[in-house]
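Scrolling down, you'll hit the structures one after another.
Two complexes, one shared chain (chain A), two partners (chain B, chain C).
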Partner chain A sequence: MTAAHPARRGDLRVALLFLLPAGFGFVLFYAWPALQTFYLSFTDYSLLAAPNWVGAQNYRAAFGDARFGNALLVTVEYVVINIGVQTAVALLIAVLMHRLTKSSLVRGLLLLPYLIANVVVALVWYNMLDAQLGIVNAVLSWVGVDPVAFFGETSTAIPTIALVNVWRHMGYTALLLFAGLQAIPKSVYEAAAIDGASEWRVFRSVTLPLLRPVLAMVLVLTVIGSFQIFDTVAVTTKGGPVDATRVIYFYIYEKAFQQFDFGYAAALSVVLFVILAGLAVAQLRLLRAGSSDLD
Partner chain B sequence: MHNKLSKPAALAAAVSLALAGCAGAPGGGSGSSEITYWLWDANQLPAYQACATSFQQANPGTTVKIEQFGWADYWNKLTTDLVAGTAPDVFTNHLNYYPTYAAKNQLLPLDEFVSRDAVPTDVYPEGLADLWTAQDGKRYGLPKDFDTVALFYNKKMLADAGVAEADLANLTWNPQDGGTYEKLIARLTVDANGVRGDEPGFDKSKVAVHGLGLDENNGAGVGQQMWSMYALSTGWTYTDKNPWGTEFNYDDPRFQQTMAWYRGLIDKGYLPSLATARSGSSVNDAFGAGKYALSTNGSWMINAYFGHDGVDVGVAPTPTGPSGKRATIFNGLADSIYTGTDNRDGAWKWVKHLASAECQKTVGEKAVVFPALPEALAVAKETFAAKGVDITAFTKPLDEGATHLFPITDHAPEVAAVMGPAIDAVLTSQADPASLTQANEQVNALFR
Partner chain C sequence: MTSTAIGPTWRRALGWVVLTLLVLITLFPFYWMLRVSLSDNRALAADAGSLLPAGFTLGAFERVLGLASLEEARAQGGSGASIDFWRYLLNSVLTSTLITAGQVLFSSMAAYAFARLRWRGRDAVFFVFLTALMIPPIFTALPNFVLMRDLELLNTYAAVVLPFFFMTPFAVFFMRQFLLGISREVEEAARIDGAGHPRIFFRIVLPMSRAPLTTLALLAYITAWNEYFWPLLVGQGEGVRVLTVALGVFRSQTPQGSPDWAGLMAATLLAALPVITLFVAFGRRIVDSIQFSGIK
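The block that comes next holds the complex of A and B.
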């Protein structure tokens, strides 16, 4: 027992050493900018002149800003479509892979869209979906469907952007879930087979409960990532038509880098931070991510 | 691990070296020095590279390093570099941005240099040089080029419709019935069955060719190549005075009638819906693909429009409006000097060279944009003509006094943030043109 103490302290030292690079990056690139942002959110700051303390004025303005409310709604619409479809599709792909094939070629192919830069994916889809010159509408016209302005119509713009990003991310998400599925012991599936359970019943009563901790983690990460939708909007619709795709990050970007209202943009970022932190905690609680049904 | 630690360390070292380098530089007017120059238009790079070469020959020991970034990156990078103190010595400036930079003391006033070297500022087309005098009365740029808007047309479509090209020089327009201009647009619109927009049985839900193209960009509160040529031809003006107006006039009936007429074209099927225009391709690509017969656009787009294979293109001036005159926005770029430059004299010499007849003629020879100096413009006109492009449609408004300066005000980005969605809402029929009165109040509140 007495010998354990020095050994532990040795562990701590080694652990700190290993944490140092990540910790350095975290403090320099996350913690410090976050604190700066928090400070700037109480100032009037145009970047080119020193910040000016204005108290809670930016926050009061944010709560009266209809466009900010709209941005939150638009973002939530995006997240619901994006995460809903993406999780369902990824789960389906993961289960299919798990039950049918272990081919690394298939896994590689699934990951392909994820390997293409976001901006490239967005621009290629933007061109393919054009109402007048896009290939998708050309194909639709062969089967007698009138052209659809996917990115241009206020009603279809957000669903389109959400589905384009589903296309890019579903393979990656499927692989994460697939890794989770592989951790489920074979014996439970064998037991289910002996009991004569149908494929659906196996999914519902064996796969889903045992996958829950992994699913919870994947959901937390993808939801937070999804809230940060920016690049697809920035290179395609730029927030329009009207305010249909003015998602929260794009709105913050416009305030900061186009209108030089960094104080207000910082306040919006802090509000978003609080929302996302609350969401992550709620998700982890609801999905009991810390415990497994495997024990 | 090693990488993660060493990268920031190397960065820190590089930054401190750079700072040390900067600290050592002032006062070193003689000897070798480098001037960094930024521009955003890749098409103009060869012309300015040629200017730099001749500058370096005339000024041994001084080198000019030209860097080019796309439009969107350009302003983000410039702003952050201004904050970081690493902005280029000289950069191409735009009327939308320079008032902010000037107000934040980021630009070097040129007055002292201009009077010292007796650089003439009255040689440009009227008003062009004045655009660069800020509210404080100081000059922050020397004009390098200018642009106007005109009407591009597809020659074959015109011939198919039985319209003579010469007729396009005398088009009239009014916000009530659109005049002969709208008649032309209707004539050039063709549905999927080959029925023209002015013929009975025209199906506006299945249009194959729209008479007029709609720009993919949101024109915000300016509508430079979208609707400004109509609104301004009614006698309407953006602001109470220009430059530096403080009251916008988006509540004026003449403006709102113009927007109602413009939206009417969409309802009639003569202009594509906003949704179609914004769904992926640019207006000039759709024009090149034969989806539009006419397209209003700026002179900076000449090479794009005339560059389409197999499309015979012509340009006509914008139509004459109720004021009895046609109208176009008259806009120009200039070169500005960063206030934090470590080589003011060198930077000024380069700006002076950029504004000189020698460099302007070089730009004219490349036939990409219109140089600001009339003698260089003549060179450009010849080069464009040699390429089969007659630029008279763009220069005619200058001779007729039909140009209107780009609206220069404070709060330009905020105005755009209000007016962009407001005009979108009108064009998508989500709101009536009368709703622009409320947007106008929002805009004017920025100045109080």
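The block that comes next holds the complex of A and C.
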């Protein structure tokens, strides 16, 4: 780089100037707080007095905390249902759009829920899935099914919240996958057509392998996002019934902002961060995201 | 895409049926918000399944917008709990606008430094910026909350706005991608005319980037408008409460037995309306940006 401009020692000064506001924000609201959370996780801190160093005590407590274990389990259940259904439906939409239409209207309509606030989405479905007055239960009763308290029963609450968020994200995920499909050369499909391959066969042997790098990235992004489910729970069930929807994010929130146990909440945040980082690395390895079968 | 369409016509027809069904599932809840918000609470109880509003009335909107008296509101099955909609709307508009203005300007400046300037350590610093994408918001929320408390900024606009005001990793990344693609000749020409970098940035690069800047501003505004977690932590107070937080409070205030569904859905619809409007105006731009930023 310096070879092109041997006379100048680079633009360091002016770069610092341009970076000043963003750098200030980055250090103050991202980098420094992230380091602080690591530090706080080794302290006892209730906001009233200065943090008190307690070593690894918070982490030991986390391992013995049955409700944290439950929160992890509930979150995993949520992620599995949410990501499983969402990815399947999004793949279906993407393949259908790829085959049938390039219409930006269709793409736009499918994207709309993703732009609406989680809180709004949660409230609309809270109404539609209401045990007495919800339209979904009205439809179910027409086909002879007893009303279901979707948000109100321990067995249905997490699947319900997971599916509500499938509704919000399926179009967005489909658009990402659709972009990946468009990058697959048409010649591959033409070859498959000449060989007389069936629809399903083409999907399994051509589309899926060639889409893998994109699918891997999409999965990493959506799984990380899915683990951080909070808004929907906070607005509808608030962790209940009993502990059925007390997901990690909500549990940490309660520990910090309702019980003011900041040290412990920080330790749980670190655990969550480690889980997310580990998952991202594992997914990228397993799905060999970097390489396409096309090469 | 006719070239990839293998198989007989009925298969395409089936495909269209499924796709249409999925679009309908996507749109139905929006219609339902409207339907319930135009209904009368008592009629709703008797007529949960009709597709048209039950006992059509604009009463719910009047209640939410503060146009109905308390007695009228109660008579219509409103909870009587006041929701100061205009106030919360103003708070949402104000905070989202401030966040968008700061974030777009400062992130673009940083992106310029990462994309167009040459300095030692540039790529390393950019990588550090990007790692922030991996950090879950709750990870930084605890110390940021403590910071706001120590600065005595809790329940001020500043607290709601500041963490998103100077940058987001996404915004820097997004603008850098675009700025990398600008031809160097443009800058060289300006340099020969004696223009410094600030001048090049504000007079040449920013005007050239109108399209990505608009897209980024849209995305930033919508994200800020929809934010719930952070304003819930630092902006619960009536004076600075934004719409998302207000909806959460409204929902927990409605009695379990007979919630004011019409009022709740009217407020919900009104809260979503600005985003829906932006979407109708700029939908294609948003769709394109997602194909662009999601993959590269």
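Structure notes:
In this section, the second predicted complex is superposed on the first by the 265 of 295 C-alpha atoms of A that agree within 3 Å, B and C clash if a C-alpha of one lies under 4 Å from a C-alpha of the other, contacts with A are read in each partner's own complex, and residues count from 1 in each chain.
Here is the rule we go by: a residue touches a chain if its C-beta (ideal position, glycine included) is under 8 Å from a C-beta of that chain, and two chains touch if they have at least 3 such contacts.
Given the structure is predicted, the values throughout are model-derived calculations rather than measurements.
Chain B and chain C, once both complexes are superposed via chain A, clash.
Legend: residue contacts after superposition of the two complexes on their common chain; A:243 is shown touching chain B, with no touch to chain C.
Within the superposed three-chain model, A:159 lies out of touch with both chain B and chain C [touch as defined at top].
With both structures placed on the common chain, the touch criterion links A:36 to chain C but leaves chain B unconnected. Touch criterion met: A:254 reaches chain B, while chain C stays clear of it.
Once chain A of one complex is fitted onto chain A of the other, the partner contacts of A:209 are absent, as it touches neither chain B nor chain C.
Shared-chain residue A:151: touches chain B; no touch with chain C.
In the overlay built on the shared chain, the residue A:104 is in contact with chain C alone; chain B does not reach it. The partner that reaches more residues of chain A, of the two candidates chain B and chain C, is C.
Legend: residue contacts after superposition of the two complexes on their common chain; A:134 is shown touching both chain B and chain C. Within chain A, the residues touching chain B in one complex and chain C in the other are 18, 21-22, 24-25, 28, 47, 126-128, 130, 132-134, 238, 257.
Residue ranges of chain A in contact with chain C, taken from their complex: 1-2, 5, 10-12, 14-15, 17-19, 21-26, 28-34, 36-37, 40, 47, 89, 92-93, 96-102, 104, 106-113, 115-121, 123-128, 130, 132-135, 137-139, 141-142, 167, 170-172, 175-176, 178-180, 186, 189-190, 192-193, 199, 202, 214, 217-218, 224, 227-228, 230-231, 234-235, 238, 249, 252-253, 256-257, 262, 265-266, 269-270, 272-273, 276-277, 280. Those residues of chain B that touch chain A in the complex are listed here as 1, 4-5, 8, 76, 79, 82-83, 100-101, 104-106, 205-206, 218, 272-281, 285-286, 289, 291, 413-414, 416-417, 420-421, 424-425, 428, 430.
On the side of chain C, the complex with chain A involves touching residues 1, 3-7, 11-12, 15-16, 18-19, 22-23, 25-27, 29-30, 32-33, 36, 44-45, 48-49, 102, 105-107, 109-110, 112-113, 117-120, 122, 125, 128-129, 132, 134-147, 149, 162-163, 165-167, 169, 172, 196-198, 201, 222, 225-226, 228-229, 232-233, 244, 247-248, 251-252, 261, 264-265, 268, 271-272, 275-276, 279, 283-284, 286-287, 290-291, 294-295. Contact residues of chain A toward chain B in the complex are 18, 20-22, 24-25, 28, 46-49, 126-134, 146-147, 149-154, 236-243, 246, 254, 257-260.
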